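The chains carry the letters A, B, C and D, assigned in the order they are written, with residues numbered from 1 in each.
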Amino acid sequence: MSDDIWIIGTAMTPIRRHLDRDVLDLAVEASLGALDDAGVTMRDMQVMAVGSQFEPFTFGQDVQKQIGQTGIPLYNVHNACATGATAVRSVLMEIRAGEADMGLALGVEKMTGSSPPYRMTPPKAGKVFEPEGRDGHVLATEGVLGTGQMFGVFAQTGTDYARRHGGVGFEQFAKVAEKNHAHSTLNQLAQYQRPYSLDEIMNAEMLAYPNTLPMSCPTGDGAAAVVLVSDAKLRSLDPDVRRRAVKISAAVMTTDPYDPSGFAHPDVNTLTRNAADRAYEQAGIGPEDLDLVELHDCFATAELVHYDNLRLCAPGGAGEWIDRRAPWRDGELPVNVSGGLISKGHPIGATGVANLYEVATHLRGEAGDRQIEGARVGLTHVIGLGSVCVVHILERAAS
Amino acid sequence: MTRQMPVVDYLVIDDGPPHLAGHRCDECGAVYLERRNACAACGARTFSPTRLPATGRIESFTIVHRGAPKHVGPFVSVLVRLADGTFVKANLVGVPPEADAVDFGVPVRLVTYAAGTDDDGTEAIAFGFTYDEPTAPAEG
Amino acid sequence: MSDDIWIIGTAMTPIRRHLDRDVLDLAVEASLGALDDAGVTMRDMQVMAVGSQFEPFTFGQDVQKQIGQTGIPLYNVHNACATGATAVRSVLMEIRAGEADMGLALGVEKMTGSSPPYRMTPPKAGKVFEPEGRDGHVLATEGVLGTGQMFGVFAQTGTDYARRHGGVGFEQFAKVAEKNHAHSTLNQLAQYQRPYSLDEIMNAEMLAYPNTLPMSCPTGDGAAAVVLVSDAKLRSLDPDVRRRAVKISAAVMTTDPYDPSGFAHPDVNTLTRNAADRAYEQAGIGPEDLDLVELHDCFATAELVHYDNLRLCAPGGAGEWIDRRAPWRDGELPVNVSGGLISKGHPIGATGVANLYEVATHLRGEAGDRQIEGARVGLTHVIGLGSVCVVHILERAAS
Amino acid sequence: MTRQMPVVDYLVIDDGPPHLAGHRCDECGAVYLERRNACAACGARTFSPTRLPATGRIESFTIVHRGAPKHVGPFVSVLVRLADGTFVKANLVGVPPEADAVDFGVPVRLVTYAAGTDDDGTEAIAFGFTYDEPTAPAEG
C-alpha cells in the first residue's frame, strides 16, 4: 500500500534529573540521534512537529535554530501525556497528505526545575552575579543590550526597511494605522471602532519609535472558528452550502530559513516571502488577482514591510504605496478592511482563524457595511514570531 | 581593585582590549554568539572560538520608551552588522534617544561600561556601540 | 481537483475585553457559530484542532465537553501569533490525508485577566467567600469534594475495575510495579534501574490507596524523536535503511465520547478501547499477534485496567493475568519491558515518542540486554488525561 | 444567625433539605452539575434545572494521603452514582480512611457540614456522602 508510513530513525535520551543540561540539550540529543540513526539530515526533513506540554512560545523553532533552519512547516503541539504522540501524528498526516515525504517528530519535557534555563531569566534582586543561560548573562539585558520587546523588535524591522528603501519614514508607518482605524469603524466585531487622525496617531504615546500606541495592537479577548470539508464531501452537501463555500486554493506554512541576522533580530521578511511565493504558485494566482488581503499588522511597521514581502507593491515601493492610499478599502488592493490587528484586535490564538473569517465573509458577499464589492479572491497572512508564517489564498465558489 | 564580570559570556574583558567572541561553525563558517548544539545553517556539530571585529554598521534601530528599565530610561536599540558579517543587537550609547540622532551612514565601534554592581561589589561590564567618528567620520 | 479543501462555515466573536465571559464561552460561541453557519453539527466533525497560545492542559477537550464529545482526534496546538493558522492546518492535513472529510478548527485567546476563570482557582487567604468559576466554588474543593489529584484519580480508576471484576486487589496492582521495576533493571535509559520487592512496594509510602510511591511515575527529564518517511520515499533509500525500517501499520487518535460519569471522574477506558479496536482493524492484526506492548502506566492501577482495555487479557481477567505473570518479559505477552512510566520515567512531552522508540528498537532486534527475541509486531498506547488516546501498531520490515 | 453559603453552586441549601441541583439537557436528558454552554452528548443548547436524588452507590474510591489538605488529613474520595444515574465526586464522611472500611455494597446518602468560615463569619457548607444504613443496611 502506498499509504504506509515508516519509521527509519529513532533515538531517546536517558530519563534523569538532568541538572546540568537545559531542555534544548535534551531536544537536540534526541533529534540528532534520530536523524543520525536514519542516516539523514535536517535538509531531508520537509516537516517537523515538536511536542512539549510545558515549554511556552515557539519552542520547536528554538530546536530548529540549534540543529538546522530550513524553513519547513513546524507544529508546536500539546495534549497532556499524549503530547509526543500528537507530534508524531502531525508529521504522519503531512506525509499521508502528500505535503512531505519525510519528517521529524520530537517529544521532550524538562520536568525538574533546577537545571540551566536557556531563555532569559529575570534578575534576582540583591544578588551576587552568576552567569545564567546559554549567553551567560549576569543581569537582565533588556535596555542594556538593545531591546527584545515586541514593539521594539517590529520597530527595528520598520527602520531596517526605511534604511534600504526611499520614501519611508514615521509618517508612512503612521498612515498604516490611520487606514486600519478608519477601516474598523465599519466592523462591529472590532475592538476599536473609531477613526484616528494622522496627527493624533503621530502625537500619541511613543512605545518604541516609530510605533506609537495607536500603531500597536491592543490586548483583547476573542475566538474564531472554521469548518473545513474535502472537495468530495462538499459535492454531497446542500446547494446552499455549496454556493456559500469558499475554496482554499493555497495553504502554506513556513519557518525561518537560516539567516545570519536572525539570531540578533528576528527576520520576518524571508519566511513571509517564501510562503507568499509558494502560495501564489499553489493557487496559480498572482498578487494582481487579489481583491483583498488580511495581513499580520501587529504593529504599523510590520504591515508596511509586508506590502513588499507579499508582492503587493512594487519592490521597495511600500512607502509610495501607502502614500497613494492603495491599500485603503477604496484603493487598488484593500488591505486589512477588518481593521487589522491594530484596530480589530489580536487575541493571539484566534488571529489566524479570524483572518479566514474576514476574507471568507467578503468572498461570500456577506460582509455588510464593510463588504468589498465583487470580491472573488483573497489572501490571508499571519506570522508567529520565533517564527512561523502561514499564508492562505481563498477563492469564492464559481457560481 | 574592583572585580569585573561581563554581562554576557560572549563579551571578553580579560584578554586584551574588550571584544566579542563567537563560535564559528567548522563546516560552513556561520558565527553564533551563544552556546550551541549544532549549526542552524549546515547542521555541523563542531565549532571553534572566534574573535569578532569591533566595528560595524547600523542596520536598524528603535528608541524604546514604554517598558524601558527605569534606571536606563529611553534608549536606542540597534542591530549592528559587524565588519565580518556577524549581527549583534545592543544599545547605541553616547547618542541622545532621538530619531534624528541616529545616522545609518556613520560606522560604529564597540565600547564597554559598567552596567551594575552586585552585593559583593563586582561590576557587570556591558557593551554597546558608539559612532566611530575619529577614524572615519565621512565614510559610507 | 479532488485535493481541494473548502470552508463551509465560519464565525468569530467580537474582540473585546470580555470581563464577564470565560474563555470557554468565547470558544463555544465561535465553534457553534461556525457549525451553525455550515448547517452541520459536531457529529459531522471527524477531526478538531484548537489553537490557543496560553490555555494550558487539554483545553480543546474542555471545548468538546461543552459542545459535543464524539471521540474524534483533537490537536491542541500553539505557534505564537500563527497559532490559529496552525489549528487550521492540522484539520486541513487530516482531510487531505483522507482521515477525515470534515473538521473544525478553532482559535481562541483570553488576553485579559479580570474575567471569570473556568478552572478551579486556589483560594485566597483571609478572604470573604465569593463564588468563582463554572461551579461557583467558594473554597478549594480538593479534599472536600473528593480528589482531583492524578494519583487519586487513577487510584479510583483501579478500584472501579476491582469493584466490577473479581480477583483484583492491592496486591495485583502492586505486582504491576514489581514487574516494571524488574524490567527497567535491563534498561540504561530508565530513570530507576533497581528491583523492588512486592513487600517493599506494598509497604512504601501510600500516595492514594492503592497507589504507593513506587507504583507511581517519577518526575524526570527526557526527549525522544522519530524520523518518518512515506512508503514511496522509503523505496528510494539505502538497503540498510530499508532493512531497519519499522512500519506503522496503525495510527489512531481518539478523545472521550460522551459518558455520564466523565464529568465527575475521567473515563480512561472507553477511549482506549475505541483506539485499540480501530488500530487492530487498521492493521489487520489482533492482540494475539502482538510480541510486545508499551502502554501508559502512569500509575500501577492504570496499567492493570489497560490489559483489559487493549484486549490483552480475557475480559475482566486483568487480575488473574498479572497473577500468572503473563505481562512479564518472559511471559506470554511482555508489557512495558522498558520499565514503563513507573520505572523508565515519564517526561510528559517525550512519552508518546519514547514508546515508539522502545518498540521500534525491539522490532529492529537492537534492544540489547532487554531484547524480546524475534519480536515482529508491537503496540504502543498513551493517554493524555482530559483526554486523548493514541495507539500505534508497528511491524518490522519483512526480510 | 450564622450566614451560610454552599461550597459550590450546585449544592442547594436554602430550598428545603439540602440537595444537589443539575442542568438537564432539554433534548436528550443528560445531566450536568456546572454551568453549561451546550450538551456534550447531543449538542443541544438549552437546559432546565433539575433536583438530584440524595442517595446512590459508590462506584470507586481512593484514600488520599499525599497532598491531602492539612486541616483535612487523609480522606476517602468516592465517585457516587446517584439513583437517577448522575455521577458526582465527593468525600465519604463518617468512615475511617482505611481501605477495609469502604464497602461498595452499602448505599450512600448526601450529608452536609461546615467546611470553613470566611472573614465575615460566613460558613461554607460542603456536601459528602455517608452510609445510608438506617434505611437499607443489607440491600444490594
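Quick note on the criterion: a contact is a pair of C-beta atoms (placed from the backbone, for glycine too) under 8 Å apart; a residue touches a chain by one contact, two chains touch by 3 or more.
On a predicted model such as this, the values are computed, not experimentally measured, just so you know.
Undergrad: Leaving out chain C, how do the leftover chains split into contact groups?
TA: Ignoring chain C, components are A, B | D.
Undergrad: So the centre of each chain is just the mean of its C-alpha atoms; given that, what is the distance between chain A and chain B in Å?
TA: Using C-alpha averages as centres, the distance is 28 Å.
Undergrad: Centroid of chain B to centroid of chain C, CA atoms only: how many Å?
TA: That gives a centre separation of 46 Å.
Undergrad: Counting only Cα atoms for the centres, state how far chain B is from chain D in Å.
TA: Roughly 63 Å, centre to centre.
Undergrad: By the touch rule stated above, which residues of chain B touch at least two different other chains?
TA: None at all.
Undergrad: Looking only at which chains touch which, which shape fits best: line, ring, star, complete or other?
TA: line
Undergrad: Every pair of chains that touch: which are they?
TA: A-B, A-C, C-D
Undergrad: For the complex, which residues does chain B have touching chain A?
TA: 5-10, 30-43, 45, 58-69, 72, 75, 77-79, 81, 85-91, 99, 104, 115-116, 118-120, 122, 124, 126-128
Undergrad: Within their complex, state which residues of chain A touch chain B.
TA: 24-25, 28, 32, 41-43, 64-69, 126-129, 131, 134-149, 151-152, 155-160, 163, 170, 205-211, 258, 260-261, 263-265
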